[in-house]
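Working notes for the structure below.
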(Lines give C-alpha, C1' and ligand atoms only; values in the text may rest on other atoms or scores of the structure.)
Protein backbone atom coordinates (compact mmCIF):
# COMPACT_ATOMS: atom_id res chain seq x y z
CA UNK A 1 0.00 0.00 0.00
CA UNK A 2 1.15 3.54 -0.72
CA UNK A 3 -0.59 4.93 2.36
CA UNK A 4 0.36 3.86 5.88
CA UNK A 5 -2.08 1.84 7.99
CA UNK A 6 -2.55 4.95 10.09
CA UNK A 7 -3.55 7.11 7.12
CA UNK A 8 -5.87 4.41 5.78
CA UNK A 9 -7.50 4.15 9.19
CA UNK A 10 -7.97 7.93 9.33
CA UNK A 11 -9.58 7.90 5.86
CA UNK A 12 -11.80 4.99 6.93
CA UNK A 13 -12.95 6.87 10.04
CA UNK A 14 -13.60 10.14 8.15
CA UNK A 15 -15.69 8.31 5.55
CA UNK A 16 -17.57 6.28 8.16
CA UNK A 17 -18.48 9.39 10.15
CA UNK A 18 -19.71 11.22 7.04
CA UNK A 19 -21.65 8.14 5.93
CA UNK A 20 -23.33 8.02 9.33
CA UNK A 21 -24.34 11.70 9.23
CA UNK A 22 -25.42 11.68 5.58
CA UNK A 23 -27.42 8.47 5.88
CA UNK A 24 -29.16 9.79 8.97
CA UNK A 25 -30.31 12.78 6.93
CA UNK A 26 -31.44 10.54 4.04
CA UNK A 27 -33.53 8.41 6.41
CA UNK A 28 -34.87 11.42 8.36
CA UNK A 29 -36.05 13.12 5.17
CA UNK A 30 -37.62 9.96 3.79
CA UNK A 31 -35.27 9.93 0.81
CA UNK A 32 -34.38 6.31 1.62
CA UNK A 33 -36.11 3.69 3.73
CA UNK A 34 -34.36 0.62 5.09
CA UNK A 35 -36.38 -2.54 4.55
CA UNK A 36 -34.42 -5.69 5.38
CA UNK A 37 -31.09 -4.98 7.03
CA UNK A 38 -30.36 -8.61 7.86
CA UNK A 39 -30.72 -8.20 11.59
CA UNK A 40 -27.81 -5.78 11.88
CA UNK A 41 -28.20 -3.37 14.79
CA UNK A 42 -29.16 0.15 13.76
CA UNK A 43 -27.08 3.18 14.68
CA UNK A 44 -28.70 6.63 14.33
CA UNK A 45 -31.00 5.32 11.59
CA UNK A 46 -28.40 3.31 9.63
CA UNK A 47 -27.65 -0.40 9.82
CA UNK A 48 -24.24 -0.95 11.39
CA UNK A 49 -22.72 -2.05 8.08
CA UNK A 50 -23.48 1.12 6.10
CA UNK A 51 -21.09 3.72 7.56
CA UNK A 52 -18.05 1.38 7.34
CA UNK A 53 -18.84 0.78 3.65
CA UNK A 54 -18.46 4.52 3.00
CA UNK A 55 -15.28 4.44 5.09
CA UNK A 56 -13.86 1.57 3.03
CA UNK A 57 -14.65 3.44 -0.17
CA UNK A 58 -12.92 6.55 1.15
CA UNK A 59 -9.73 4.66 2.02
CA UNK A 60 -9.79 2.67 -1.24
CA UNK A 61 -10.15 5.80 -3.39
CA UNK A 62 -7.40 7.59 -1.45
CA UNK A 63 -5.08 4.62 -2.03
CA UNK A 64 -6.13 4.39 -5.70
CA UNK A 65 -5.19 8.05 -6.19
CA UNK A 66 -1.60 7.43 -5.11
CA UNK A 67 -1.27 4.44 -7.44
CA UNK A 68 -2.29 6.64 -10.39
CA UNK A 69 0.59 9.09 -10.05
CA UNK A 70 2.64 11.19 -7.65
CA UNK A 71 0.78 13.42 -5.18
CA UNK A 72 0.76 17.15 -5.92
CA UNK A 73 2.66 19.28 -3.40
CA UNK A 74 0.90 21.89 -1.28
CA UNK A 75 -2.33 21.89 0.65
CA UNK A 76 -3.02 21.64 4.35
CA UNK A 77 -5.48 20.05 6.75
CA UNK A 78 -7.94 22.95 6.38
CA UNK A 79 -8.15 22.20 2.65
CA UNK A 80 -8.86 18.56 3.52
CA UNK A 81 -11.61 19.60 5.92
CA UNK A 82 -13.07 21.88 3.24
CA UNK A 83 -13.15 18.95 0.80
CA UNK A 84 -14.92 16.71 3.30
CA UNK A 85 -17.38 19.51 4.15
CA UNK A 86 -18.14 20.05 0.45
CA UNK A 87 -19.05 16.43 -0.22
CA UNK A 88 -20.93 15.91 3.04
CA UNK A 89 -22.82 19.13 2.28
CA UNK A 90 -23.80 17.75 -1.14
CA UNK A 91 -24.91 14.48 0.50
CA UNK A 92 -27.13 16.44 2.93
CA UNK A 93 -28.55 18.52 0.07
CA UNK A 94 -29.83 15.37 -1.63
CA UNK A 95 -31.98 14.85 1.47
CA UNK A 96 -33.26 18.44 1.45
CA UNK A 97 -34.08 18.26 -2.28
CA UNK A 98 -36.04 14.99 -2.14
CA UNK A 99 -39.39 16.62 -2.95
CA UNK A 100 -38.05 18.77 -5.80
CA UNK A 101 -37.96 17.79 -9.47
CA UNK A 102 -35.34 15.04 -9.60
CA UNK A 103 -33.92 16.25 -12.90
CA UNK A 104 -33.46 19.74 -11.40
CA UNK A 105 -31.90 18.29 -8.23
CA UNK A 106 -29.55 16.15 -10.33
CA UNK A 107 -28.53 19.15 -12.44
CA UNK A 108 -27.91 21.12 -9.23
CA UNK A 109 -25.71 18.35 -7.78
CA UNK A 110 -23.86 18.22 -11.10
CA UNK A 111 -23.17 21.98 -10.82
CA UNK A 112 -21.78 21.48 -7.32
CA UNK A 113 -19.67 18.53 -8.52
CA UNK A 114 -18.09 20.82 -11.13
CA UNK A 115 -17.26 23.33 -8.38
CA UNK A 116 -15.69 20.52 -6.31
CA UNK A 117 -13.67 19.44 -9.36
CA UNK A 118 -12.47 23.01 -9.96
CA UNK A 119 -11.49 23.53 -6.32
CA UNK A 120 -10.09 20.14 -5.25
CA UNK A 121 -9.43 18.25 -8.48
CA UNK A 122 -5.90 17.52 -9.59
CA UNK A 123 -5.81 16.51 -13.22
CA UNK A 124 -6.28 13.06 -14.67
CA UNK A 125 -5.67 10.95 -11.51
CA UNK A 126 -8.37 12.80 -9.59
CA UNK A 127 -10.79 12.52 -12.50
CA UNK A 128 -10.15 8.77 -12.72
CA UNK A 129 -11.01 8.46 -9.01
CA UNK A 130 -14.15 10.53 -9.59
CA UNK A 131 -15.26 8.40 -12.54
CA UNK A 132 -14.55 5.14 -10.72
CA UNK A 133 -16.61 6.37 -7.74
CA UNK A 134 -19.40 7.61 -10.05
CA UNK A 135 -19.63 4.13 -11.59
CA UNK A 136 -19.03 1.80 -8.64
CA UNK A 137 -21.05 3.76 -6.07
CA UNK A 138 -24.38 3.90 -7.93
CA UNK A 139 -23.98 0.27 -9.12
CA UNK A 140 -23.42 -0.87 -5.53
CA UNK A 141 -26.51 1.07 -4.44
CA UNK A 142 -28.58 -0.39 -7.27
CA UNK A 143 -27.53 -3.91 -6.22
CA UNK A 144 -28.38 -3.22 -2.57
CA UNK A 145 -31.73 -1.81 -3.62
CA UNK A 146 -32.41 -4.94 -5.73
CA UNK A 147 -31.38 -7.09 -2.76
CA UNK A 148 -34.21 -5.48 -0.83
CA UNK A 149 -31.97 -3.82 1.76
CA UNK A 150 -33.49 -0.37 1.20
CA UNK A 151 -35.56 1.61 -1.25
CA UNK A 152 -35.47 5.18 -2.50
CA UNK A 153 -38.71 7.10 -2.24
CA UNK A 154 -40.83 7.23 -5.41
CA UNK A 155 -39.70 10.70 -6.50
CA UNK A 156 -36.00 9.84 -6.56
CA UNK A 157 -35.77 6.29 -7.85
CA UNK A 158 -35.30 7.21 -11.51
CA UNK A 159 -31.88 5.58 -11.98
CA UNK A 160 -32.76 1.88 -11.88
CA UNK A 161 -34.33 2.32 -8.46
CA UNK A 162 -31.88 4.80 -6.94
CA UNK A 163 -31.41 8.57 -7.07
CA UNK A 164 -29.90 9.88 -10.35
CA UNK A 165 -27.99 12.52 -8.36
CA UNK A 166 -25.91 9.68 -6.91
CA UNK A 167 -23.75 9.99 -10.04
CA UNK A 168 -22.53 13.60 -9.45
CA UNK A 169 -22.47 12.99 -5.69
CA UNK A 170 -20.16 9.97 -6.00
CA UNK A 171 -18.07 11.79 -8.62
CA UNK A 172 -17.42 14.63 -6.16
CA UNK A 173 -16.76 12.02 -3.45
CA UNK A 174 -14.08 10.45 -5.65
CA UNK A 175 -12.45 13.81 -6.36
CA UNK A 176 -12.25 14.65 -2.66
CA UNK A 177 -11.06 11.17 -1.64
CA UNK A 178 -8.24 11.59 -4.18
CA UNK A 179 -7.29 14.92 -2.61
CA UNK A 180 -7.42 13.41 0.88
CA UNK A 181 -5.13 10.61 -0.33
CA UNK A 182 -2.63 13.22 -1.51
CA UNK A 183 -2.82 15.17 1.73
CA UNK A 184 -2.35 12.11 3.95
CA UNK A 185 0.55 10.92 1.80
CA UNK A 186 2.24 14.32 2.24
CA UNK A 187 1.86 14.09 6.01
CA UNK A 188 3.73 10.80 6.01
CA UNK A 189 6.81 12.15 4.24
CA UNK B 1 -16.45 41.07 -33.77
CA UNK B 2 -13.68 40.50 -31.27
CA UNK B 3 -14.59 36.83 -30.83
CA UNK B 4 -14.39 34.35 -33.68
CA UNK B 5 -17.55 32.79 -35.10
CA UNK B 6 -16.47 29.54 -33.48
CA UNK B 7 -16.20 31.09 -30.01
CA UNK B 8 -19.51 32.90 -30.43
CA UNK B 9 -21.14 29.63 -31.45
CA UNK B 10 -19.68 27.86 -28.41
CA UNK B 11 -21.00 30.61 -26.12
CA UNK B 12 -24.39 30.39 -27.83
CA UNK B 13 -24.53 26.62 -27.30
CA UNK B 14 -23.42 26.82 -23.65
CA UNK B 15 -26.07 29.45 -22.92
CA UNK B 16 -28.78 27.56 -24.80
CA UNK B 17 -28.08 24.34 -22.92
CA UNK B 18 -28.16 26.10 -19.54
CA UNK B 19 -31.34 27.93 -20.51
CA UNK B 20 -32.95 24.61 -21.40
CA UNK B 21 -31.99 22.99 -18.08
CA UNK B 22 -32.85 26.01 -15.94
CA UNK B 23 -36.19 26.66 -17.64
CA UNK B 24 -37.12 22.99 -17.26
CA UNK B 25 -36.58 23.34 -13.51
CA UNK B 26 -38.61 26.59 -13.39
CA UNK B 27 -41.52 24.91 -15.17
CA UNK B 28 -41.25 21.67 -13.15
CA UNK B 29 -41.35 23.57 -9.86
CA UNK B 30 -44.26 25.74 -10.93
CA UNK B 31 -42.15 28.91 -10.64
CA UNK B 32 -43.20 29.86 -14.18
CA UNK B 33 -46.04 28.69 -16.39
CA UNK B 34 -46.09 29.10 -20.14
CA UNK B 35 -49.40 30.45 -21.40
CA UNK B 36 -49.28 31.44 -25.08
CA UNK B 37 -46.08 30.36 -26.79
CA UNK B 38 -47.26 31.25 -30.26
CA UNK B 39 -47.47 27.70 -31.51
CA UNK B 40 -43.75 27.05 -31.10
CA UNK B 41 -42.97 23.41 -30.41
CA UNK B 42 -42.03 22.68 -26.81
CA UNK B 43 -38.74 21.06 -25.86
CA UNK B 44 -38.42 19.62 -22.34
CA UNK B 45 -40.99 22.11 -21.04
CA UNK B 46 -39.69 25.22 -22.85
CA UNK B 47 -40.89 26.73 -26.12
CA UNK B 48 -38.23 26.26 -28.78
CA UNK B 49 -37.37 29.98 -28.82
CA UNK B 50 -36.42 30.28 -25.14
CA UNK B 51 -33.09 28.41 -24.90
CA UNK B 52 -31.62 30.21 -27.96
CA UNK B 53 -32.51 33.57 -26.39
CA UNK B 54 -30.31 32.69 -23.39
CA UNK B 55 -27.65 31.54 -25.85
CA UNK B 56 -27.78 34.84 -27.74
CA UNK B 57 -27.47 36.74 -24.48
CA UNK B 58 -24.44 34.66 -23.49
CA UNK B 59 -22.64 35.33 -26.77
CA UNK B 60 -23.60 39.03 -26.77
CA UNK B 61 -22.30 39.58 -23.24
CA UNK B 62 -19.07 37.70 -23.98
CA UNK B 63 -18.52 39.91 -27.03
CA UNK B 64 -19.45 43.05 -25.05
CA UNK B 65 -16.82 42.18 -22.44
CA UNK B 66 -14.03 42.24 -25.05
CA UNK B 67 -15.16 45.60 -26.40
CA UNK B 68 -14.89 47.09 -22.91
CA UNK B 69 -11.20 46.39 -22.48
CA UNK B 70 -8.44 43.81 -22.89
CA UNK B 71 -9.01 40.33 -21.48
CA UNK B 72 -7.18 39.46 -18.28
CA UNK B 73 -4.53 36.74 -18.67
CA UNK B 74 -4.80 33.44 -16.84
CA UNK B 75 -7.65 31.03 -16.28
CA UNK B 76 -8.45 27.69 -17.85
CA UNK B 77 -11.42 25.68 -19.05
CA UNK B 78 -12.12 24.33 -15.56
CA UNK B 79 -12.58 27.92 -14.35
CA UNK B 80 -15.02 28.48 -17.20
CA UNK B 81 -16.95 25.34 -16.26
CA UNK B 82 -17.02 26.49 -12.64
CA UNK B 83 -18.48 29.84 -13.72
CA UNK B 84 -21.19 28.16 -15.79
CA UNK B 85 -21.96 25.75 -12.93
CA UNK B 86 -22.25 28.66 -10.47
CA UNK B 87 -24.82 30.54 -12.53
CA UNK B 88 -26.78 27.47 -13.56
CA UNK B 89 -26.82 26.43 -9.91
CA UNK B 90 -28.28 29.82 -8.95
CA UNK B 91 -30.89 29.48 -11.69
CA UNK B 92 -31.91 26.06 -10.33
CA UNK B 93 -32.03 27.44 -6.78
CA UNK B 94 -34.66 29.97 -7.83
CA UNK B 95 -36.87 26.99 -8.68
CA UNK B 96 -36.19 25.27 -5.35
CA UNK B 97 -36.91 28.49 -3.40
CA UNK B 98 -40.24 29.29 -5.09
CA UNK B 99 -42.30 28.65 -1.96
CA UNK B 100 -40.01 30.58 0.39
CA UNK B 101 -40.34 34.26 1.29
CA UNK B 102 -39.42 36.05 -1.94
CA UNK B 103 -37.50 38.78 -0.13
CA UNK B 104 -35.43 36.11 1.63
CA UNK B 105 -34.86 34.21 -1.62
CA UNK B 106 -33.83 37.44 -3.36
CA UNK B 107 -31.41 38.31 -0.56
CA UNK B 108 -29.97 34.77 -0.81
CA UNK B 109 -29.47 35.08 -4.58
CA UNK B 110 -27.84 38.48 -3.99
CA UNK B 111 -25.39 36.83 -1.56
CA UNK B 112 -24.51 34.22 -4.17
CA UNK B 113 -24.12 36.93 -6.83
CA UNK B 114 -21.56 38.64 -4.59
CA UNK B 115 -19.65 35.34 -4.31
CA UNK B 116 -19.73 34.98 -8.11
CA UNK B 117 -18.44 38.56 -8.45
CA UNK B 118 -15.62 37.88 -5.98
CA UNK B 119 -14.60 34.64 -7.71
CA UNK B 120 -15.10 35.37 -11.42
CA UNK B 121 -15.38 39.16 -11.67
CA UNK B 122 -12.65 41.19 -13.33
CA UNK B 123 -12.98 44.83 -12.46
CA UNK B 124 -15.07 47.44 -14.23
CA UNK B 125 -15.66 45.63 -17.56
CA UNK B 126 -17.13 42.59 -15.82
CA UNK B 127 -19.30 44.78 -13.60
CA UNK B 128 -20.60 46.65 -16.66
CA UNK B 129 -21.59 43.30 -18.22
CA UNK B 130 -23.27 42.31 -14.95
CA UNK B 131 -25.22 45.57 -14.72
CA UNK B 132 -26.27 45.43 -18.38
CA UNK B 133 -27.53 41.86 -17.88
CA UNK B 134 -29.26 42.81 -14.61
CA UNK B 135 -31.16 45.57 -16.46
CA UNK B 136 -31.86 44.02 -19.86
CA UNK B 137 -32.71 40.51 -18.63
CA UNK B 138 -35.48 41.40 -16.18
CA UNK B 139 -36.90 44.05 -18.57
CA UNK B 140 -37.09 41.44 -21.35
CA UNK B 141 -38.82 39.02 -18.97
CA UNK B 142 -41.28 41.72 -17.84
CA UNK B 143 -42.14 42.44 -21.51
CA UNK B 144 -42.62 38.73 -22.26
CA UNK B 145 -44.81 38.39 -19.20
CA UNK B 146 -46.90 41.40 -20.32
CA UNK B 147 -47.15 39.87 -23.79
CA UNK B 148 -48.85 36.88 -22.17
CA UNK B 149 -46.14 34.38 -23.08
CA UNK B 150 -45.74 33.15 -19.51
CA UNK B 151 -46.49 34.08 -15.95
CA UNK B 152 -44.60 33.76 -12.69
CA UNK B 153 -46.47 32.07 -9.88
CA UNK B 154 -48.16 34.38 -7.37
CA UNK B 155 -45.44 34.16 -4.71
CA UNK B 156 -42.65 35.34 -7.01
CA UNK B 157 -44.19 38.00 -9.24
CA UNK B 158 -43.21 40.95 -7.06
CA UNK B 159 -41.04 42.74 -9.64
CA UNK B 160 -43.66 44.00 -12.11
CA UNK B 161 -44.88 40.46 -12.65
CA UNK B 162 -41.56 38.60 -12.56
CA UNK B 163 -39.28 37.27 -9.81
CA UNK B 164 -37.25 39.95 -7.99
CA UNK B 165 -34.32 37.51 -7.75
CA UNK B 166 -33.97 37.82 -11.53
CA UNK B 167 -31.86 40.92 -10.82
CA UNK B 168 -29.03 39.19 -8.89
CA UNK B 169 -29.36 36.10 -11.11
CA UNK B 170 -28.85 38.09 -14.32
CA UNK B 171 -26.07 40.12 -12.67
CA UNK B 172 -24.16 36.91 -11.92
CA UNK B 173 -24.95 35.70 -15.46
CA UNK B 174 -23.35 38.86 -16.87
CA UNK B 175 -20.26 38.45 -14.69
CA UNK B 176 -19.75 34.87 -15.83
CA UNK B 177 -20.47 35.63 -19.51
CA UNK B 178 -17.76 38.31 -19.29
CA UNK B 179 -15.33 35.76 -17.88
CA UNK B 180 -16.27 33.24 -20.60
CA UNK B 181 -15.65 35.93 -23.22
CA UNK B 182 -12.15 36.44 -21.79
CA UNK B 183 -11.42 32.71 -21.70
CA UNK B 184 -12.60 32.09 -25.27
CA UNK B 185 -10.63 35.10 -26.49
CA UNK B 186 -7.48 33.68 -24.87
CA UNK B 187 -8.02 30.34 -26.60
CA UNK B 188 -8.03 32.08 -29.96
CA UNK B 189 -4.64 33.76 -29.51
CA UNK C 1 -9.53 50.81 20.58
CA UNK C 2 -7.47 49.38 17.74
CA UNK C 3 -10.09 50.30 15.12
CA UNK C 4 -11.08 53.92 14.44
CA UNK C 5 -14.56 55.13 15.34
CA UNK C 6 -15.27 55.25 11.63
CA UNK C 7 -14.35 51.59 11.08
CA UNK C 8 -16.31 50.52 14.16
CA UNK C 9 -19.33 52.43 12.85
CA UNK C 10 -19.01 50.77 9.45
CA UNK C 11 -18.85 47.32 11.10
CA UNK C 12 -21.86 48.23 13.25
CA UNK C 13 -23.87 49.26 10.18
CA UNK C 14 -22.89 46.18 8.16
CA UNK C 15 -23.90 43.90 11.03
CA UNK C 16 -27.14 45.78 11.67
CA UNK C 17 -28.18 45.58 8.03
CA UNK C 18 -27.47 41.83 7.86
CA UNK C 19 -29.29 41.29 11.15
CA UNK C 20 -32.30 43.11 9.74
CA UNK C 21 -32.37 41.03 6.54
CA UNK C 22 -31.67 37.70 8.25
CA UNK C 23 -34.20 38.24 11.03
CA UNK C 24 -36.82 39.21 8.47
CA UNK C 25 -36.29 35.86 6.78
CA UNK C 26 -36.44 33.99 10.12
CA UNK C 27 -39.75 35.64 10.97
CA UNK C 28 -41.18 35.24 7.45
CA UNK C 29 -40.40 31.51 7.42
CA UNK C 30 -41.81 30.98 10.90
CA UNK C 31 -38.42 29.87 12.24
CA UNK C 32 -38.77 32.39 15.07
CA UNK C 33 -41.76 34.22 16.48
CA UNK C 34 -41.50 37.39 18.56
CA UNK C 35 -43.67 37.25 21.68
CA UNK C 36 -42.99 40.16 24.05
CA UNK C 37 -40.70 42.77 22.57
CA UNK C 38 -41.21 45.27 25.41
CA UNK C 39 -43.12 47.76 23.34
CA UNK C 40 -40.22 48.44 20.98
CA UNK C 41 -41.37 49.50 17.51
CA UNK C 42 -41.01 46.79 14.87
CA UNK C 43 -38.99 47.29 11.71
CA UNK C 44 -39.51 44.83 8.82
CA UNK C 45 -40.53 42.12 11.29
CA UNK C 46 -37.82 42.71 13.91
CA UNK C 47 -38.01 44.76 17.11
CA UNK C 48 -35.89 47.88 16.80
CA UNK C 49 -33.30 46.56 19.25
CA UNK C 50 -32.41 43.36 17.37
CA UNK C 51 -30.46 44.62 14.32
CA UNK C 52 -28.20 46.91 16.43
CA UNK C 53 -27.35 43.93 18.68
CA UNK C 54 -25.96 42.10 15.64
CA UNK C 55 -24.15 45.32 14.68
CA UNK C 56 -22.59 45.61 18.14
CA UNK C 57 -21.44 42.00 17.96
CA UNK C 58 -19.90 42.61 14.54
CA UNK C 59 -17.92 45.63 15.75
CA UNK C 60 -16.91 43.92 19.01
CA UNK C 61 -15.59 40.81 17.22
CA UNK C 62 -13.71 42.93 14.67
CA UNK C 63 -12.06 44.85 17.52
CA UNK C 64 -11.36 41.60 19.43
CA UNK C 65 -9.57 40.21 16.38
CA UNK C 66 -7.06 43.06 16.37
CA UNK C 67 -6.35 42.65 20.08
CA UNK C 68 -5.45 39.00 19.50
CA UNK C 69 -2.59 39.68 17.09
CA UNK C 70 -1.46 41.68 14.09
CA UNK C 71 -3.72 41.75 11.01
CA UNK C 72 -2.65 39.65 8.04
CA UNK C 73 -1.67 41.64 4.95
CA UNK C 74 -3.60 41.32 1.68
CA UNK C 75 -7.29 41.21 0.90
CA UNK C 76 -9.59 43.81 -0.58
CA UNK C 77 -13.14 45.08 -0.23
CA UNK C 78 -14.50 42.39 -2.55
CA UNK C 79 -13.16 39.74 -0.17
CA UNK C 80 -14.93 41.54 2.67
CA UNK C 81 -18.19 41.58 0.71
CA UNK C 82 -17.78 37.88 -0.04
CA UNK C 83 -17.34 37.16 3.67
CA UNK C 84 -20.48 39.12 4.55
CA UNK C 85 -22.42 37.39 1.75
CA UNK C 86 -21.29 33.96 2.99
CA UNK C 87 -22.53 34.48 6.53
CA UNK C 88 -25.74 36.27 5.53
CA UNK C 89 -26.38 33.42 3.08
CA UNK C 90 -25.98 30.87 5.90
CA UNK C 91 -28.36 32.92 8.07
CA UNK C 92 -30.97 32.89 5.28
CA UNK C 93 -30.46 29.15 4.77
CA UNK C 94 -31.48 28.49 8.38
CA UNK C 95 -34.85 30.01 7.47
CA UNK C 96 -35.19 27.89 4.32
CA UNK C 97 -34.27 24.70 6.22
CA UNK C 98 -36.71 25.16 9.12
CA UNK C 99 -38.90 22.22 8.13
CA UNK C 100 -36.01 19.82 7.48
CA UNK C 101 -34.49 17.45 10.04
CA UNK C 102 -32.74 19.79 12.47
CA UNK C 103 -29.77 17.48 12.87
CA UNK C 104 -29.32 17.42 9.09
CA UNK C 105 -29.68 21.21 8.86
CA UNK C 106 -27.15 21.65 11.68
CA UNK C 107 -24.69 19.31 9.97
CA UNK C 108 -25.18 21.28 6.73
CA UNK C 109 -24.50 24.60 8.45
CA UNK C 110 -21.43 23.04 10.05
CA UNK C 111 -20.17 22.05 6.57
CA UNK C 112 -20.65 25.63 5.37
CA UNK C 113 -18.89 26.97 8.49
CA UNK C 114 -15.88 24.81 7.61
CA UNK C 115 -15.86 26.31 4.10
CA UNK C 116 -16.01 29.81 5.61
CA UNK C 117 -13.12 28.92 7.93
CA UNK C 118 -11.06 27.60 4.99
CA UNK C 119 -11.75 30.69 2.85
CA UNK C 120 -11.73 33.57 5.33
CA UNK C 121 -10.09 32.18 8.48
CA UNK C 122 -6.68 33.39 9.56
CA UNK C 123 -5.17 31.04 12.11
CA UNK C 124 -5.65 31.13 15.85
CA UNK C 125 -6.96 34.71 16.26
CA UNK C 126 -9.81 34.09 13.79
CA UNK C 127 -10.65 30.76 15.44
CA UNK C 128 -10.78 32.44 18.85
CA UNK C 129 -13.26 34.99 17.45
CA UNK C 130 -15.29 32.14 15.96
CA UNK C 131 -15.37 30.19 19.23
CA UNK C 132 -16.26 33.29 21.28
CA UNK C 133 -19.13 34.03 18.88
CA UNK C 134 -20.24 30.38 18.89
CA UNK C 135 -20.47 30.50 22.70
CA UNK C 136 -21.77 34.00 23.41
CA UNK C 137 -24.28 34.17 20.53
CA UNK C 138 -26.29 31.05 21.35
CA UNK C 139 -26.15 31.79 25.11
CA UNK C 140 -27.54 35.29 24.48
CA UNK C 141 -30.30 33.81 22.32
CA UNK C 142 -31.12 31.19 24.98
CA UNK C 143 -31.42 33.96 27.60
CA UNK C 144 -33.65 36.04 25.33
CA UNK C 145 -35.80 33.01 24.64
CA UNK C 146 -36.08 32.33 28.41
CA UNK C 147 -36.97 35.99 28.95
CA UNK C 148 -39.98 35.42 26.69
CA UNK C 149 -38.85 37.83 23.97
CA UNK C 150 -39.20 35.25 21.20
CA UNK C 151 -39.48 31.54 20.61
CA UNK C 152 -38.09 29.17 18.01
CA UNK C 153 -40.62 26.98 16.26
CA UNK C 154 -41.00 23.45 17.65
CA UNK C 155 -38.82 21.77 15.03
CA UNK C 156 -35.75 23.90 15.73
CA UNK C 157 -35.70 24.47 19.48
CA UNK C 158 -33.44 21.53 20.31
CA UNK C 159 -30.61 23.53 21.89
CA UNK C 160 -32.20 24.66 25.17
CA UNK C 161 -35.01 26.31 23.23
CA UNK C 162 -33.06 27.71 20.28
CA UNK C 163 -31.80 26.31 16.96
CA UNK C 164 -28.76 24.01 17.27
CA UNK C 165 -27.44 25.41 13.98
CA UNK C 166 -26.89 28.71 15.78
CA UNK C 167 -23.53 27.26 16.89
CA UNK C 168 -22.00 26.84 13.37
CA UNK C 169 -23.75 30.01 12.18
CA UNK C 170 -22.25 32.15 14.96
CA UNK C 171 -18.87 30.44 14.49
CA UNK C 172 -18.82 31.49 10.82
CA UNK C 173 -20.01 34.95 11.89
CA UNK C 174 -17.03 35.25 14.24
CA UNK C 175 -14.59 34.13 11.52
CA UNK C 176 -15.90 36.71 9.06
CA UNK C 177 -16.05 39.52 11.66
CA UNK C 178 -12.38 38.80 12.39
CA UNK C 179 -11.58 39.10 8.69
CA UNK C 180 -13.57 42.33 8.43
CA UNK C 181 -11.63 43.69 11.41
CA UNK C 182 -8.39 42.94 9.59
CA UNK C 183 -9.59 44.54 6.35
CA UNK C 184 -10.83 47.73 8.06
CA UNK C 185 -7.59 47.99 10.04
CA UNK C 186 -5.62 47.79 6.77
CA UNK C 187 -7.68 50.59 5.26
CA UNK C 188 -6.76 52.85 8.14
CA UNK C 189 -3.02 52.46 7.69
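Just a few scattered comments:
For reference, chains read A, B and C in written order, and residue numbers begin at 1 within each chain.
As a working rule, a residue touches a chain if its C-beta (ideal position, glycine included) is under 8 Å from a C-beta of that chain, and two chains touch if they have at least 3 such contacts.
Source: prediction; values computed, not measured.
Of all residue numbers used where chain A meets chain B, under half belong to both copies. The two sides are thus made of different residues. Copies chain B and chain C of the same sequence differ in orientation by 120 degrees, per CA superposition (steps of 5).
Chain B has its Cα centroid 31 Å from the Cα centroid of chain A. None of the residues of chain A touches two or more other chains.
Against chain B, in their complex, chain C makes its touches with residues 21, 24-25, 28-29, 78-79, 81-82, 84-86, 88-89, 92-93, 95-96.
Chain contact summary for the complex, chain A toward chain B: residues 97, 100-101, 103-104, 107-108, 110-112, 114-115, 117-119, 121.
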